[in-house]
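Got a structure here, written out as structure tokens. Questions coming.
Per-chain numbering from 1; labels A, B, C and D assigned in written order.
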């Protein structure tokens, strides 16, 4: 028996056993009954693969690009709060791991290290995006955006699905708050951020509407990526308001419970963006190479992982995140190989089918 | 770890640990194999939410009205028997909690406190309805109705689904009967009600038909709400016989087992009442804010909760019921906020979809 | 806590704890993986009830008739082998209980008491049928039929689904055989039947075809009921060959595994017999009043119970069987009452609906 | 209680208790989350049988032929690696058992005994096929083919679904490698095969395409059977490239996870081969007689079993494999008997139906 983690679940199990239970609960939990959280993961099982054989897969490339920037793999790291709960090096470790692996790191507004600290820890060319909660006071938003540009972030990821914090039972039950020695580093002027601030802070202002996107576009040239779109009508509005990309997300099942899984929403959003230049990504429940493959087959250009990176961080800091990303990349490449795809452009909907398509009521009719 | 209940299940768990097991079994149980009881709760999971983002949800109002009376929230309290099993203050405590929260309390015929006792414990303006089992002897029915009017109840809720008592295994097995010190308070003249009466009493008479509704309307001006309609044909008859509202209910799974969940029946009844003035409500399995939201999205004007109020009562009497109602209101408001609705009129079917609509066989076809 | 059995499962549990394990295994087991056995029971859950309210159900009658003979309830007792394994009085006890309750007892070929012994233990007018395995040697078959007529049995139930014995793991594993002191009483001339005969005997001959039905009809005036029809094509042949009734059965899941449940087959057979005089009955998995109601709503004229009667027998002999039958009759009458049917003729397909009919994809479309 | 194994699960259980855990894990495991592995087995439950009664089944024959060669039953043995892990006699024992039973043994490239050793252990007329992983170096492939012909193998089974090894967690976790005393016997010249070689070896070369089939056909007259076809497009290519038969397989769930079960794929491939001379077989999850029957009803000419033969081998070597095959043959014959088929030609799609066909939404519509 060796103990090297071989799946995301192995990393998670390690975190469960070693992290502070309150912090672990904060990471792993979802909203309410966690119906959406579970669905995010289980829905992949209703989508089946249709491998092609006898394709030359001696060389398989998983490289791709997002918003014109090259990444070594379509597996990026989603914005998640407070990495220092998992490892002292926090977001710096995560950013370094992404840089080493060659993929995009999206920093959360609610990070324990500042944008500048993160920026100065990685090579200049390492692709970094910044996730922003738009504030009611335009000056605060504007300052965040300017800091962001200065620190070399390449896109603004605007989270839309958190006008109020979801009801997360893990945290309500444990009474977890951010430990005194940690703070929301990007807000050091803010007196509330003395280290004892509860995790309830740092959301967008609930009066936010599409006008705020207009405003953002008026103050920056950075591409705008909206995160949390959940229906085609909103995708159409997003296109209309000139966003550059959409992340299909339900905040890892942490906001509104009883929603579909993100992989179930993806087709609707991909369809709505067809024929436009808007790129579509997704996050939520990505745990294996086949999950990534399915998302790309539906039409996502890349995926983001939230918790898996946190488990890597809890395991061995920068090195742990690298292991998680390398493992997922390995698994994704293997999926491509066994499916008969030698580069990501070849992955299309012909490689997937709904479980229903294989129901006997459907297939026996062919005989 | 704090122990403040955060979900209806937490209150239920408290009741399970502290109540007399026979009484708890009487409260929680359903008929036969409890297929319908479980279905009432689980069916909500087959209906998914489609949140809208970028809506101004700074101010969210959950207030509404039923039969022209304002209520602070569409979550009302269903008629359930024998509240004194949960707390000494019985129906008085429940009615007070409803008054404090500003919602409608529906008193059961089989209450441990009389209508007058309940009426005199709450402010005059507090909305109260009375649930009635029509009796074969018209004088008894008439007396109940007159008492009801005198005590200021604003509507008669006529239960239709209990011509005979359902077979409830919990009670059969525990041999539970109403303790000697409690009685069916509204029937003090009745010699059987000396405190030892088993819970088998107090049903409608099995020969009841629509003519009895006619009779009721002939003796009172109170609005008539029928409870327990289960198919469109009966909804049409109810409309024809001039009822004012319908509560879609299966008596909390306590009568006929192997029925659909009430949330599954609701669309059929809403459709049947379209274009009429008859209001449609529902009860059964409401445990979270998303459950309420789904019922309203289908077309219910309000919902009633049965057991959740009883668990609150067992927890801390009046204060416990208030906690349960406040918690549900909080959760429902949060659901509205995260779904992008700022008042209940905005909640419509565009915010829900069947799980099947998100099946890949359906969604992949869009690509 | 009282211990009076309140469900079939309670009787079964009693039998499990008190019977010889080998004999209990022989009774309860099905073939192979018992997929069909489980399905027989679970399939009822996919059929839902649509109760009607405001029907006068003061008087509810469950009486009916089969092949022109009155029975007090549509719940009859199926032919099952070796009742003396459950109780010393064996088939005599079961027959008496049926007579007392007023329903039909169908005696198995493989009984521990002879036809004559059973016949002489019950009032002459008590309705009894005899289940026969047709033998290759016409003389044996003919003798059985003549004995049958002489003993006053009113119909021949010809079992079709046992050309070879199914593979029953319970029995293979326990090595169960009929105890020495018991025998296949109707075959006393047969030297193999010295009490040590294994349960493998007593099947129909595997070369049997529809010609054998012709032969049976040529030697007796008794009505012919075929048991084990499983597809419409065979129902049509049965009609053509002049049978009087069909029992839809899969031998309680003891023969071919991986078949549909009998309640799933029933509609196909009812449809095939429409417009003919052939009556359709069914057995398999009937455990509650709602099960019976569903079968009648589809079009069965009556149902048969196999194991439930055996559990009653194991509980308290004749008295136990009576309790089981009375309980099922009570439950069935209650189902009728709560569904709004005052006699069995009123039960039709308008009272049932598939679970799919209540799926939200179907019902939301009505809004 | 007797302990003679009565199901494949009984043999598996014996192997689990007695084999080296690493070797057992290597045998039983699938790729990744083993979704496909489980699906391979469970999918059979969604296909139901429609038995016919009153058919003369006194004599039932299960004999058939593949590629013109007679076999005593349509249940053959799939190529699996390293039989010596289960029993010292390894492939020799398995081959002998197949010969004794009269069915086809397909030897894996990765066997512990050479082709010649196997060939010389069985009667000349015993049907043997050889499974080959095509190598990049044509000489190696050519030598394998020539050895094969010389040793009297009657067909080449070319495995297509292993361009790279699947990710099998059992093996990753146990660190299992082939024990030093065992080797890939057919490659004795190869220095890596000194007994310590890990199981990672012995796959096809990942650059393989349909041209390699052309090449194979150019160097041998043996019929070509391709194993691992998974979609109709590939079946059409296989036909076009002149293969003689196709085995629908997903490598026992050991390669690409999240694929449909093989029984779910079978109809698509059978339909694609209709009207051609290409025979279709399948493997994956065959554990009972009804599984075999279903595969044949869809249109497979025979099935192959992988793990069941290995469990027999672990149980009692040659004798154990014989027991497994005899048991499966017995069960399959019984399924035919109870379904009303007296020879395998009679088995067609009229004997099966999807579970959906028996859903009440479908069947009630007939009433």
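Please note the rule applied: contacts are C-beta pairs under 8 Å (C-beta built on N, C-alpha and C of every residue); 3 or more make two chains touch, one makes a residue touch a chain.
Owing to the predicted nature of the structure, the values given are computational and were not obtained by experimental measurement.
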Fraction-based call for chain B against chain A, same above half, different below: different
Per Cα centroids, the chain farthest from chain C: A
Averaged-CA centre spacing for the pair chain C and chain A, given as whole angstrom: 59
Rounded Å distance between chain B and chain C, as computed from the means of their C-alpha atoms: 41
Contacts with two or more other chains, residues of chain D listed in rising order: 47, 353, 355
Chain A-facing residues of chain D, complex: 32-33, 35, 46-47, 160-161, 163-164, 166-167, 169, 172-175, 205-210, 212-213, 228-231, 233-234, 237, 255-261, 264-265, 267-268, 270-271, 298-299, 349, 352-357
Chain B-facing residues of chain C, complex: 1-2, 4, 6-7, 44-45, 47-58, 288-290, 294, 331, 334-335, 337-339, 353, 355, 358-361, 363-364, 366-367
